[in-house]
Structures are given as C-alpha cells and as structure tokens.
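Look for chain A in each of the two complexes below; its partner is chain B in the first and chain C in the second.
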Partner chain A sequence: MAGGKPAGLATLKSKEMWMGYLFILPIVAGYLIFLFGPIVYAFVMSFTNWSLFGNKAYIGLDNYIYAMRDDPVFWDTVVNTVYFSAGLVPLNIVLSLLLAMLLKRKIWGIGLFRTAIFTPVVVSLVVWGIVWKFIFSTDGGLVNLLIRTFGGTEIPWLFSETWTMPTVIVVSALKGVGMNMVIFLAALHDVPKDYYEASKIDGASRWETFKSITLPMITPAVFMVTIITVIGSLKVFGQIYVMTGGGPGTSTYVMVFYIFKQAFRSYEFGYASALAFILFSIILVLTLIQWKLRKRWVHYEQ
Partner chain B sequence: MNNKKITSNLASYLVLTIVSSIVLFPFFWMVSTSLKTESEVFLFPPQWIPAAWEWINYIRVFTEMPFHLYFFNSMYIAVLVTAGTCFLSALAGYAFARLHFPFKNAIFLFLLSGMMIPTEVTAIPLFNWMSNLGFIDTHIPLILPPMLGSGGMFGVFLVRQFLITVPIELDEAAKMDGCSPWRTFRSIMLPIATPALATVSIFTFMNSWNEFFEPLIYLNTKELFTLPIGLSMLTTDAGVDWPLLLAASTIATVPILVVFFLAQNKFIEGIANTGLK
Partner chain C sequence: MKKYGLVLLSVVLLLGLLSACGGNGKNNNGAAKANKENANNTPSAEVAAESKEPVELEMSVWGSDAQVALYDELAEEYNKLHPNVTVKTTVIPWADYQQKLAIMAATKTSPDIVWISERMIPQFMNGGQLLDISSVKEDAAYAFDDIIPSTLTAFEKDGKLYGIPFSTPPQVVFYNKNLFEANGLKSPMQLYEEGNWTYDEMVKASEAISKPQEGVYGVKFIQNSSNWSDNLIPLIWAMGGEIFNEDTTQFAMNTPETAKAINLFKGLLDKKAHPSIGEQLTFDTGKLGMAFENVTRTSAYRDKVDFEWDIAPLPEGDHGVKMPIGFGGYSIFKDAEYPEEALEYLKFISNKENAAKVAEFFVPQRESVLYSDEYLNKFPFPTVETMKVAAYDRLAKGTIRPSHPNWVKIDEQVTLNLDAILLGSTTTEQALKNMEDSINPLLK
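For the complex of A and B:
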C-alpha cells in the first residue's frame, strides 16, 4: 500500500508528461519546419550566389557588400521604405490617438463611429488598394473630378514622383488607423478614473489633463503601438504592388517589393535572401527593443 | 460650462463624421461604380448613383473569369486554415497552460520568438523546398505554413494566456476522477477556451481570406487563384475594366463585411485584448 501509491502517481505524472509533449508536437514541428528552419536556411542562402539558372557556390559576404556598396536600387528601396515609414507612422499614431480620445467619451452613437472607422481593417489590402487607385486615377478619378469642379489643376496622383508616395501613405494610414485606435481605446479605459477627478478638482484644462495624466499613463501603449506600426510599415508590399508597381520610376520601390522581384521574378535566391536578412535584422532589433521596454513597463505596473 | 460641453461634443461629432465618411466612402464608390457602364465611369461631373443599374457586371464577373473558383478556393483554404489553427493551438495552448512537463516554459518562449519572423524572409527557402516537393502551383503552401507557422504561434499564445487564468480546481477535480489529459482537454478545457478560440478564428480567417503575398508567389494556374490574387491580376492588364473589377471586388468583400458586422464586438475586443499583450 505504502509503495503502491507513489508508483501510481509516478505513472500518472509520466503519462501527463508524454501527453504534454504529444499535444505540443504538431506546433513545435511546424515551428521548426516553417519558421526556424527557413530563417536559418535563408541566412545560409544569403552567403551563396544561388539562382534558378546557375550553380550554387558560397561567396562569403559578397551579396551584402554588393547590396551596400554597388547596388543603387537597394539604397533606393531603403530610402523609399524609410520615407513610407516616416510618413505613415506619425500620421497613423496621431490620428488613431485623436480618434481614441474622441471615442472614449460617453456620447450617443460612439459605437457606430468605432465600427465605421474599424471597417477598413477587415478588408483585403488588395481591394482597398484597387478602390483607392480608382479614386486617384489621373483622368476622371474622383479626386481629380472634384478638383476640376472647384477649378483647380488636376494632379497625376499615382504617376508623379512627388505625389505617389504621399498618396500611398495616406491610403495605408486610412486602412490601419482603426486597429491602433482600438488598442489606444483599451489603454485609455485602463487609466484610473480618480486621476481625472483629481485634475478636475484642481481646475486643470483639457490640454493640461491630457499632457500630465493621459499621455504619461498610456505611454507604454503608445510605444508598443509605434513599434508594431513601424515593423508593419517596413514590410509594406500589397498596396505598392496593386497601386503603383514600384513606380513611377523607382519612387515607390520598397524593400519587400525588391526582395519579391529578386526572389520570385528574377529567381536570384541568394541575393534576395541577403536583402531579406537585412530587413529581418532591422525588425529583430525593433522587436528586442519592444520586449525590453515591455518588461520594464510590466514591472512598473506591478 | 454646459455650452462649452455642447461645443466640444459637436466638434467631436464633426471630426468623427469626417473620418468615418472618408473611410466608408470607398465602399460606397466601389458598389456605385460596379453598377455603371464603362462609359459612365469617368463622367464629369461624377455620377454618384448610376442612372440605370448594370447588374450585368455581376454576371460578367462569373462569365469572364473563373470567379466562382477564386471564391471557392479562398473559402475552403480559409476554413481549413482556421479549423486547423484552432485545433492545434487549443491543444498546445492547453498543454502549456495546464500540464506539467520538463522544459515547458523554455519551449514556449522559443515558440513565441517565432511570431516576429517575417513571412517575406522565410518565403524564399520555403519556395525552394515546396518546389523540390512539387508543391508549386498547389494550395498546400497556402494551408500548411500559415496553420503551423506564425499564425499558429499566435493562437497558442492566446489560448495559453487565456487558460492560465482559469482556476486550477477544475482540472484537478477531473484528474482525481481519473480523466486523461485528452478527456480533460476535450470536455473541460475546450469549452472554457471558446472565447479565446473565437478571437483566434476571427484573426486566422481574416488573414487567410486576405492573404496576398503567398498566393502571388506560389500560384500560376488561373483555376487555383484565390480572390486577392484573381483581383490583382485584373488590374495589371492594360486598360482596366473598372465596373467589372469593382463588381468582383464587391463580391470578394461582402462575406468578410457580413461576418464583421455580425461579430463586430468580438473583432474589436479581440484586437483590444491582444494588441497590448
């Protein structure tokens, strides 16, 4: 009896252990095959001259050196990607924070507005891009028709090196603003009510209240959302593919579009892997910053 | 004081109305244009609502391309990916939250790191492997990697975080009664995890339905296209047939909009609850 019980427990425990491993097996295998394996393999490929129609040989850092030193297109794509991020991120964050502040108040019809502004989030980027491409058509697009109505000069929105990127930025911001707005809304609801009561008693103006209570309280959310939005913006692809095809000239040729072209249109797998790895390194650094900050903030909250 | 409040409320309504109109307008314009003739599309002044509704555009969508196949492909792929992701992430999420086994937390952290690996980077080796296996121009690369890749990791994470908050007595009682982990999972944990799984399903379905990059690199045969890829192919041809393209876009968008309007709180709360964790 004394010996029987522990033995039974031990079998139970080892059964639980094996069941545990069994339950996580598919997802662990998936991780190794579809994420970890490919990322390691892509790293290896980035040191080769692997292409569809050639032999594969290790060429050391040549791909990276070529990208950094000799490939003018690469730097164009970096500049364009940074331009896109620098335009999209502030626009998106400021707009979504403003909307969240407005929606936080308990006035009639708030739910309707929240739903409306969130709607583009669920729609395919391809459809969104197509419709806006139509709206921004040069000859007879709605925006130009309206400009003509008011007697202005029509603008070739998607065919001008000056206007195309700003147009794509605005269209992308409108697609994603609902997502960040909802996250900010949740963060705003977590701010303790008595803080506002206190500031009201002190006679603080609305701007003062925002600056000294709301903003500090939601700073963690703002940083998190900013980093997530930056990472997303560095991977911009679908709307570029649909709306501009990288043009006019190379004015909207962004990193992922170039990686896509090199890998799946020119089949330069080695070089494309090196480009992809440069992008991944940037994302990795941003993610590590995000994790580090999150840990600190979680600590503060406790 | 009261006047000030009214003015500020009016200002809020004004801003909200303007932004809402801007983001909803494309949907109105898409439907309106999908019912026009090609000659009406670029008329000046713009025709907000077409004079005669050209329903024929919606018939042309199905006669001029295998659109029913695009729709079917998108649908069955999204359903399979969603079902698979839910099942596998529930199973693993339960194990990580409630079962005890060595290296559990280390493995979980390792999996978590997978969420930051971009598809755009893994796509290059995966394309080569899929090509060696003969899976190019099939739906396999659109089903397996999303289900078991970063989408799956996200699901595991959500389910685990959810189940970890459930009182421990529930499965202890089941254990006492001699329930196996599988029975405990199926009859106790799975029903409890339903809210988390609803969030997982919504995100997975939405991502799969809208996925563009993967079908673009893997599919060549028209009959195998999904909706986003089928639509994008219509824009690259010289001279776009806008009523046709926008009619097709409307049909492609309606299902996701219907689901969204029916379950909007789930969508929005899902984002709000997961966005910051």
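For the complex of A and C:
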C-alpha cells in the first residue's frame, strides 16, 4: 500500500497542506506574537522583581512565596473571588434556565422579550456598571428612593462590607444572563417532542418532566455554560473597577483587580505576573476537574 | 489522543483569556513608539529646507481641547521664531496620565516636555528621569525671580531645579449664597470679615443647610476615600496634623490632631450634612451649601449655574490655616532627543508674555502676571477683592501637598484604612495606627 502510492497524489496532498497552513497563518502569527509571546514573557517575569524602574533581578520563587505566605491582601482577593463566583454562577445559571423555559413557548411577541433579555449582553460593561452605580447610589439612587418611599431605611449598597459584593453579583448576573439563556433556548429546542408526549401519556407531572427529560437532555449545554460562567466569573474585573474600585476597604478586591493594581498602579510587574500565573493555575485545575467529572454529569444521547 | 488534544486546547485558550489584561498597555506603547518614529522620519518639507537640523518636540498634557488649542497656537508662534522646531501636543487623559508616562519613560518613548503634577514629581525626579533645568535661573531675559518661590518647592531637590510650574491654584470654599440666605445664615465671607470663619462655624452652617430628604447637603469634601489627599489634607493641616515628618522619612498622621480632623469629617457624614461616600453630587447642581475646590473651578461655574454663589477663604482650624495649592508644571525627560531645544521651548511657554496667555486657564506663579490689572480684571466675578482675599494673597504662604516616590502605595494604605473608619469597623485611632504600621516601611 505505502509503496504503491502515485507520486502525483503526494504532491497534491502536500500542496493542500501548505495552502492550509497559509490560510491559518494570520491567526497563528497573531496569536504567537500578541498572546503566546507575552504570556511566555510574563511567566519569565514572574520569577523576577521587575518594578518598571528598578533593575530586573531573578528572584526564583520569591514572588509566589510572598503571595502565598506573606501578602495578607492576596488571600482576601482569593476569598473575594470565590465569593463572587459562588454567588454569580448559581444565580446566573438558575435565572437563565428559568428564563429560557419561560421564553421557549411560541407565543405572539415572544421575540420582543427574548431581545429585551439579551440586550444587556451587547451593552458595554462599563456603561452597564456606571448606570447601575447610579441606581444603587446611597443618597440619590433609584433603589434607595423606592426603599424610602415605602418607609424603609436606606442601605449604602456600594459602601458596605455586607452589601457591596452581593450588589455587584446581581448586576453582573443581569448583564450575563441573556447569553446563557440563548444557549439554553437552543438546547431546549433540540429536545425531541415525542419524549414529552410519552411522559404526558404516562401522566408525569411538570416537575417530573423537567427532572427526568428536560434536564438530562440539556446536560451538555448546562456543562458548557457552567464552565464558561465559572471561568468568566474568576476573571471578573470591569464591573469591580467601575462600580466599587475594590472598596470599601478590600472587600471587593478580586484577583484580576489586584493583578491590575499591582501591575499598573504600583508597577510591580514581576509580582503581578506571578499573581496572574497563580490565577491561571487555579482556573486550569478547576477546568480539569470539571472535565474529569463531565462523564458523570453529562448525559449524551446515544 | 483526542482527549489530550482537548486538554491542550483548553490550556491554550485559558492562557489567552488570562493575558487579555496585560496586552493593552504594551500595544499602546508600541503604537506610541511607532507614531514617534513616524513623526521623526517625516519632517515637513518647509523645515527640511532650513539649514538647521529639523527638530520635532512632543509635549504631553492632560488638558481640555481649548487648552490644547492654546498650546498649538504657542507652538506655531515658536515655529515662526525657530523654523526648524515643530512641537506636537499630545493629550493623555488625567486618569491614566502617571501610569502611561511611567510606562513610556521605562520604554524610552516618553514625550520630551510633559505636564506634571505634584504627585508624579518624586517618582520621576528620584528615578533620575527628569532633566536638571537650573540654568533658567541665570537667564536674565527669563526673569526667574518673578516666580513666587513657594510654587517651586516641589521641583527642587539637592539645589537643582527639575521643572517650572504653570498652574498653582489655591483651594477655596465655594458657597451657594441662596442656600445660606434661605436658612438665615451669615455667609462664609461675612464670618471671615468678622474674624470668625472657623471649622466649627463651617460644621454649624453645614448642619443648618442640610435637608437630606430633599437631596440638599451642607458641604462636600470628597466623593470617595481615594480622594482623601485632595480635600482632607487641608482639614488635617488646619487641625495641626501632618502627613509626613519634615524629611518624609516617617508617617505622621497617627496623632490626636489628625484623628480630630477625620472625626470631624466622619461627624458630617454621620449627620448627613455631607453626601454619602460615592455620591456624585456636584456644586453646580445647587444642592450643596459649600464645596472645597481649587479656585480655577470658578470658570466651571461662572455664568453656568442658575443660583448665586461666591468664594471665600478656607476656614481656620485649631492651628490656623495652611493653604494647600494645586499643582501643574512643565518638566523635560532626560531621555529627550533634543534636550536643549526642549528647554528653550519650555522657557518660551513659561516666559512672562506666554505665562500671561496660559493664565486664561490657570493661576499664574509669576507675580508680574498674577497681580497685573489685566489678569485680575479679566472676569467681573468673583470680584478682584474676593479673589485676592480668598486665593491670591495666600498663594505665597501656600503649601504644595506632600508626595513620595512610593506615593501610590501610601495612598492605597490610607484609603483602605479610611474606608474602615468611615464604615465604623475600626476606631479612628486604631486605623491611624494601622496606617502608620503599613506606611512606615514604605518610607524607608
């Protein structure tokens, strides 16, 4: 077989191969120059004490050791990031699944509602953050105005160690819920109708139908949405930067915000790079765990 | 095999996600560098025809369009005098200014001449990145002695001079006359004339004016804890507190005086005589009785608000008044390609004639300009007398806010602990102690 191959076919194949490489060259080159190169460089930087002005010196694992052992703020940022994720991910997924179930029906004008809920996804995060900052402002904000109207005492939503993080979580969930809803909508539409007919004949309740048919059938979508949302929530930055600036105190310092502060406010590029790689390994480990558990969670149609 | 491929793919994608943050600054730098090189390579034909080597200078500012237009005009005029020199004015937004300049300086792509504020000076001056321009003192035509000495301190180090100020606005109290009259209160200026304008009176007036249910507040110092150095420093000074010791080797805020100042501020917040932290309420809405701002803000309110207002001097505290002045100056980066030409241009834009021109926007440091009839009578309101009493006469005794090469980190520590005080999670004394513990090592 191997020896009997006509020469013409091989050249055609290698020609195609080269054409293929040529076509992916722009994206590969862009990736290597603008992403992969800087990432490798940042990894090297994470073992130095480079602070923009001073001399760069190799200090081994000192940055990592300092972060883990001596930097009190670092662990705050880890806790805050986990708090944010633990709040955002369930809220986002439950809300988007509920909305998808609600908006799945084919009734007149449903497109309008779907559009309305999807719109925040295309709004700039900064604009979204600023608008909600106004809505949640202590003295003149809409939320506190309503609370006052009904005789309650106002809450300093964005200047409180108790309320600020939940506020940011809710605002972030409202922003991102549309995207996940669309994914769930598509998955729900793919569930074969005859399953539902069969369950109707068997006399299954609505909850049973959901639990035994809908949910198992959309697990691939749930799995994907969960991974994306978890990763997205660990990288949260924009809404924190705009709405709270990390405050009050360090109560909303999340990891990316702290990395940003270290690198571009304090110019500690070496230390910031180390923090970035710690975050990277955390996300990597989480993703690998999820990937491993996928088989147990996800039901694929045979 | 396939599985490992997928894992690898996810690793690669994750790397991509993480690097999104860092990419920005670098790209900007690249662009700036490319721009500069471009500009250097393409001098206009007219300049090339000159016998002298064509020189292109770049000057960075954080100013408004109108201010940039004025500098462009000056550059054009300079070009007529020195046909081989062209100057380009680049705007960098205030919020990113220091950060961007630092990165440009580190990558040797900085502008030749820069606007610089008092906060930024130690970082660049101690980093040895600014050009010593002491030679201006010897230039008789430049009339260096005309510049009020108190405005130069930020640029002086070891007997050398690293820049020339162009705007040093003293801080004053803006007050809403209508709100004072409606509450039957004496205005700050009246109290001042009676010799009774103190922080105690200020607090009383604020409490009388405030009607939080109508969105009206007596006074506004700061919007967020991170603005503390703008408007709480004068209060701390007035009570006899200091930020650092004299040679900036010790943190000096952990004193009863500073605690008193901060508690006074917290008291205003607690009594709702001051808008809540984070509130974006500004003086021009007419819902603030008083605002502590730089005198240059007059141009933002003059003929632009529908209520009566005026300015008054800062109130007196336990230790009198120590007038804080804002600060904007010109410096030259050592790495500038044409340091001599840059210095000549710096002298041109800050000489008597042109200092008078830029005084359209700024508070001048040259006595000959500051006290010229032309400058004083430029605007009918606030009146010359008021401006003199509230602002100009105090300029010579004014103090530029302190700074340090590690200012960014110091600022962060004060902000964090001030938040704790305002939230009530720590006592003022404990928070000041915490500040001291975390800031003193930064001053070593």
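Criterion: the second predicted complex is superposed on the first by the 265 of 302 C-alpha atoms of A that agree within 3 Å, B and C clash if a C-alpha of one lies under 4 Å from a C-alpha of the other, contacts with A are read in each partner's own complex, and residues count from 1 in each chain.
In the analysis below, a contact is a pair of C-beta atoms (placed from the backbone, for glycine too) under 8 Å apart; a residue touches a chain by one contact, two chains touch by 3 or more.
Nothing here was measured: the structure is a model prediction, and the numbers come from that model.
Q: Kindly classify A:G247 by the partners it touches after superposition: chain B alone (first), chain C alone (second), both, or neither?
A: Touch status of A:G247: second partner only.
Q: Quick one: classify A:F264 as touching chain B (first), chain C (second), both or neither.
A: both
Q: I'd like to know which partner A:T219 touches here: chain B for first, chain C for second, both or neither.
A: Neither partner.
Q: Quick one: classify A:D139 as touching chain B (first), chain C (second), both or neither.
A: It touches chain B and chain C both.
Q: Looking at A:K13, would you say it contacts chain B, chain C, both, or neither? Reply first, second, both or neither.
A: first
Q: Applying the document's definition of touching, compare chain B and chain C: which contacts more of chain A?
A: Between chain B and chain C, B touches the greater number of residues in chain A.
Q: Touch check for A:E161: first (chain B), second (chain C), both, or neither?
A: So A:E161 only meets chain C here.
Q: Please write out, lowest number first, the residues of chain A touched by both chain B and chain C across the two complexes.
A: Correct list for chain A: 31, 34-36, 38-39, 42, 133-134, 137, 139-140, 148, 231, 235, 237, 245, 256, 259-260, 263-264, 276, 279-280, 283-284, 287.
Q: Under the touch definition given earlier, write down the residues of chain A that touch chain B in their complex.
A: Per the touch definition, chain A meets chain B at residues 12-13, 15-17, 19-21, 23-24, 26-31, 33-39, 41-42, 45, 95, 98-99, 102-103, 105, 107, 109, 113-128, 130-135, 137, 139-142, 145-146, 148-149, 174, 177-179, 182-183, 185-187, 221, 224-225, 228, 231, 235, 237-238, 241-242, 245, 256, 259-260, 263-264, 269, 272-273, 276-277, 279-280, 283-284, 287.
Q: Within the complex, which stretch of chain B touches chain A?
A: 9, 12-13, 15-17, 19-20, 22-24, 26-27, 29-30, 33, 41-46, 88-89, 91-92, 94-96, 99-102, 104, 107, 110-111, 114, 116-118, 120-129, 144-145, 147-150, 152-153, 156, 175, 180-182, 185, 206, 209-210, 212-213, 216-217, 227-228, 231-232, 235-236, 242, 245-246, 249, 252-253, 256-257, 259-261, 264, 267-268, 271-273, 275-276
Q: Quick one: in the complex, what on chain C touches chain A?
A: 6-7, 10-11, 14-23, 25-27, 99, 102-103, 106, 123, 127, 212-213, 215, 217, 224-226, 275-281, 408-409, 412, 415-416, 419-420, 422-423, 425
Q: Residue numbers of chain A touching chain C in their complex, please.
A: That would be residues 31, 34-36, 38-39, 42, 52-53, 133-134, 137-140, 148, 156, 158-161, 231, 235, 237, 245, 247-250, 256, 259-261, 263-267, 276, 279-280, 283-284, 287-288, 291 of chain A.
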